[in-house]
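Same chain, two partners: chain A is paired with chain B first, then with chain C.
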Partner chain A sequence: MHDVTHAKQRRRDLILAAVFVALAACVPLFVKDVYVQNIMVLTLMYAGLSQSWNILGGYCGQISLGHALYFGLGAYVTAILLTKFDVLPWFGMLTGGIISALIALALGYPTFRLGGHYFAIATIVIAEIAYLLFLNWDWAGAALGIDIMVREDSWAKFQFTRSKLPYFYFALFFAAVAWLVTWWLENSKWGYWWRAVKDNPDAAESLGVVVFKSKMGAGAISAFLTAIGGAFYAMFVSYIDPESVMSFQFSLLISLPAVLGGIGTLWGPVLGAVVLIPVTELTRSFIGGSGRGVDLIVYGSLIVIVSLTRPDGLLGLFSRKRKKEAVQ
Partner chain B sequence: MTALLETRGVWQRFGGLVANSDVSISVGRGEIVGLIGPNGAGKSTLFNLIAGVRPPTQGTIWLDGEDITATPATERCRRGIGRTFQVVKSFETMTVIDNVIVGALVRSTEMRAARRKAFEVLEFCGLAARADVMASELIPSEKRRLEVARALATEPKLLLLDEVLTGLTPLEAQTGVELVRRVRETGVTVLMVEHVMEIVMPLVDRAIVLDLGKVLVEGKPTDVVRDPKVIAAYLGDRHAVGA
Partner chain C sequence: MTAETIIQSLASGLLMGLLYGLIAVGLSLIFGLMNIVNFAHGEFLMLAMYGAFFLFAFFAIDPLLSMPLVAAGMFVFGAAIYLLIVRFAMRAKTNVGMVQIFATFGLAIVLRGLAQYFFTPDYRSISHSWLGGKTISVGGIFLPVPQLVGAGLAIAAFGALYFFIKRTDFGRALEATREDAGAVALVGIDQNRVFALGWGLGSALVGLAGAIMATFFYIYPDVGASFALIAYVVVALGGFGSVFGAFAGGILVGLVEASTALVMPPSLKAVGIYAVYLLVVFIRPRGLFGSI
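What follows is the complex of A and B.
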């Protein structure tokens, strides 16, 4: 009886997600404004990115503030392979994902032994080092970056000049895949191991959970998916440099939707992205392009406000209401 | 036939402090053994050594005739050692049944089987009605039972219980005693630490008294409680005798 209700709950999540995807897919039929479409693409992309971050930071409890590294790697690998070796972006995307996952494993080997805040600090430092390396790496374009010439509309080359819609549908696909991967993992041995590791590593070990392996698995999957998002972004904006794909603000933008929406939950990143990204994009255009510093202040304040007033995120509002209803 | 668990000349030093010195105990299959002794005697330390939290400074630990001294905690769980913690360590952001599923996954990675197993264990421990509650919302006595349930879900041969009956109301403690009896009836060997002698003495087949890190006395519970050395060790620890 008990496993039936659980299976029902999971099916309900799946149906809900399918409905959301179907609805989202129809939105461009009504919204023709390019600026708004642009915001929708970014919102979906950050929903997928934050969902990816959530696997490591939310479920497994290893707070990374350096996911800009994997985002940037996905972007750079795709751009370099395309412009220097004529490799189609689809392969670039996959290669970027695999390279990022391998690097996450290599970096995880020493850093996953660090406890608590030291891990978060290490991720910031490592991402910053990578940023500086790319800033000075001439072959990879250094500070000038890489320009991806867009000449034609082509799905094979994933470039489109006339319409933003293909990007929109890919971003939707990416967000849906990241959600689906999470949905599937949540009810697997990995999902349970991660949450156990987050809540209490000692107890987890006593129950046969291999803590280190759990973290490595979460790190690799999270990095792979994040790099896919980075590869997409490179094609979407068709010009990248270290500042625009590997700077610290991406680490914040990737983690914030999950933190805001509900860390370590299935729906938190989506909810957080839908609320946060349009707001930041609107403020950005309101203040003007030079408002980088202001962005950071806004993100920082958001983190503080959320963690002080609503540690379980916006999703907590819903579940609290539901609980009250259940009591009545 | 070899004992299920054996420690041979086990020492544990923390800097200058000797928490276990030359401890050699053995636990036979199907036994309920009580490990008692005043506060700070080194009982939890010995538990952690048996469960594999850290290797002993010196000495060896044997399970089923195999040397497991160098075996990590996760592997010991797989080999059949289940444990609870004196200070409960629930997975607070998970539901009660999800806590237990973590344990069940050691034996079956098929989710549905693990969930069913976890629910069975919760029924066995009298927690089934609380299956979908967050672990953080349990009252202390329920949290203790959750610790036991989680460990049982790993299908242990040897169950280590660290003060699961301490601090409970007499009624709750009685329920706990019944639970331990039923656990043994399923064929699980139990080694239980208790600080308060009165509760455990009627339950255990054999008692081992630890004092200042050493085995002081070992024997039938009725003999042990009357032993002058034990009484002396417990003197000044009135709470333990009189509770």
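What follows is the complex of A and C.
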């Protein structure tokens, strides 16, 4: 009985996702405003990034505050390969993803043994070391960063001078893939172990070795997808420096949509990004330069309020309603 | 590199390290008491620095004199944060780890935003304070006076804290709550009160550090971030919860930072500190002097 509803729920999620993607794909036909399109691209990108973060931070409960490392690696590998070796960004993207996944595996081995806050601080510290190294690495542009010259409209080079639409469709594709990977993982053997050990240290103990391996896998997948997002961002803004792709601020921005929407849930990161990104972008542009910091106050308060009153995230509001309906 | 430069930088490393210890001890105290990491600790330091700055700018009170005021203000602020936010974060039943990290993280972001909004992102500094800009020479080694006084203050504060924990009723209640919160409730100690006072005390200590640092460091909304990371390293080295550990960890971090700056470009000096953190937690996850 339970299995049947579970399968039904999963199928419903999949259909819902397909509908959302189809609807989102149509939006640019009606919304021509470049500023709004820009916000939509960022929203989709953060939805995908946070979904990737959520695989490790939410489902495995390993709160990483250093995902800027993988994001920055994806951006840097793509930009360096393109500007110095003329390698097409698609290969750069893949290379960046693989390098990030390998680094995540190497780092996961010692860090996954650490307890909660020791782990979180270790991730901050590791990303910060990488940030400082890139800031002082002359060959990679140091503090000046790397400028990607945009010369022509080309899908092969993933550069577009006039229209934002190709970026929009890639960001949509990225968010959809990250969602699909999560959807698939949820029902895998790994997903089952993660649920079993979550908030249950005894189960974690008895499943020790297998869970450790599954966390390594989650770390690698999460890093790979995050790096893809970073590579996309580099091509989208066509200029990167350590501050804009590897600073701590990014680690935070990647985790926040999931935390707000519902950590360790399929739809949380999507909902969180749809709420958070437009709100921050709009406060920033409405209040303007004079009110620097208002966007921080707004989303900082959101985080405090949500974590105190809705530890399950904003998504909790929906599922509660759903449960009530079920009872009636 | 002469022996003199080495001694010179190790001496300033030692002074800075004692201050790091003072910045970190509040964090360690709060953690030991209730197993929570305050991710807004750096912003507490930032507020204390602004407190000293504005008392100087508006009322011309030198940071040396305003120090008790800043510490008292931070005591009230810390206790209020416990009562308004942390108390509720501790009641979480689901996603406990996430709630504890992000409740104080969100607070850090709000405080930083408020500072940017009200104080502007400009860099401020206190000019012409009693201590600022002065150096003295001891046997050919130059020591900046603000850091020297800060180091002396840190030693005094650690001494007072030690005495306070061992000899006063509140200190004993603090220790007892740390050992076994459940049993403490049975003998009629109000756990909530102890926690609030613990947050107050921890924040007052970072207030002391902030007031002295305002005399020789730029003051801006993000100033807390890098010091917070150093404070986490200090606390992890010394072992979360250990007061003596924060003292020793601070000195160690100061010395590591100074030695890194000798062999690497100054902009990379923090790498040495971070590397030490990773080394310690990978080899000995409890920290050097930690019991938990």
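Methods note: the second predicted complex is superposed on the first by the 303 of 328 C-alpha atoms of A that agree within 3 Å, B and C clash if a C-alpha of one lies under 4 Å from a C-alpha of the other, contacts with A are read in each partner's own complex, and residues count from 1 in each chain.
Please note the rule applied: a residue touches a chain if its C-beta (ideal position, glycine included) is under 8 Å from a C-beta of that chain, and two chains touch if they have at least 3 such contacts.
Note that the structure is predicted; figures quoted are calculated from it, not measured.
Of the two partner chains, neither chain B nor chain C is touched by A:I99.
Touch criterion met: A:V304 reaches chain C, while chain B stays clear of it.
Once the two complexes are overlaid on the shared chain, A:G264 sits against chain B and chain C alike. Between chain B and chain C, it is C that contacts the larger number of residues in chain A. Once the two complexes are overlaid on the shared chain, A:S188 sits against chain B while remaining clear of chain C.
In the superposition on chain A, A:A196 makes contact with chain B only, not with chain C.
Touch criterion met: A:S206 reaches chain B, while chain C stays clear of it. By the document's definition of touching, of the two partners only chain B reaches A:H6; chain C does not.
Legend: residue contacts after superposition of the two complexes on their common chain; A:Y118 is shown touching chain C, with no touch to chain B. Overlap of the chain B and chain C interfaces on chain A: residues 199, 264.
The part of chain C that touches chain A in the complex is made up of residues 37, 85, 88-89, 92-99, 101-103, 105-117, 120-121, 221, 225, 229, 232-233, 236, 240, 265, 267-268, 270-271, 274-275, 277-278, 281-282, 285. Contact residues on chain A toward chain C in their complex (touch as defined above): 57, 61, 63, 65, 110, 113-118, 120-122, 124-126, 128-129, 132-133, 135-136, 199, 248, 252, 259, 263-264, 291-305, 307-308, 311-312. The part of chain B that touches chain A in the complex is made up of residues 51, 53, 72-74, 77-78, 82-83, 85, 89-94, 97-98, 101-103, 105-106, 109, 111-112, 115-116, 119, 131, 150-151, 153-154. Chain A makes touch with chain B in their complex at residues 2-3, 6, 187-189, 192-193, 195-196, 198-200, 202-211, 264.
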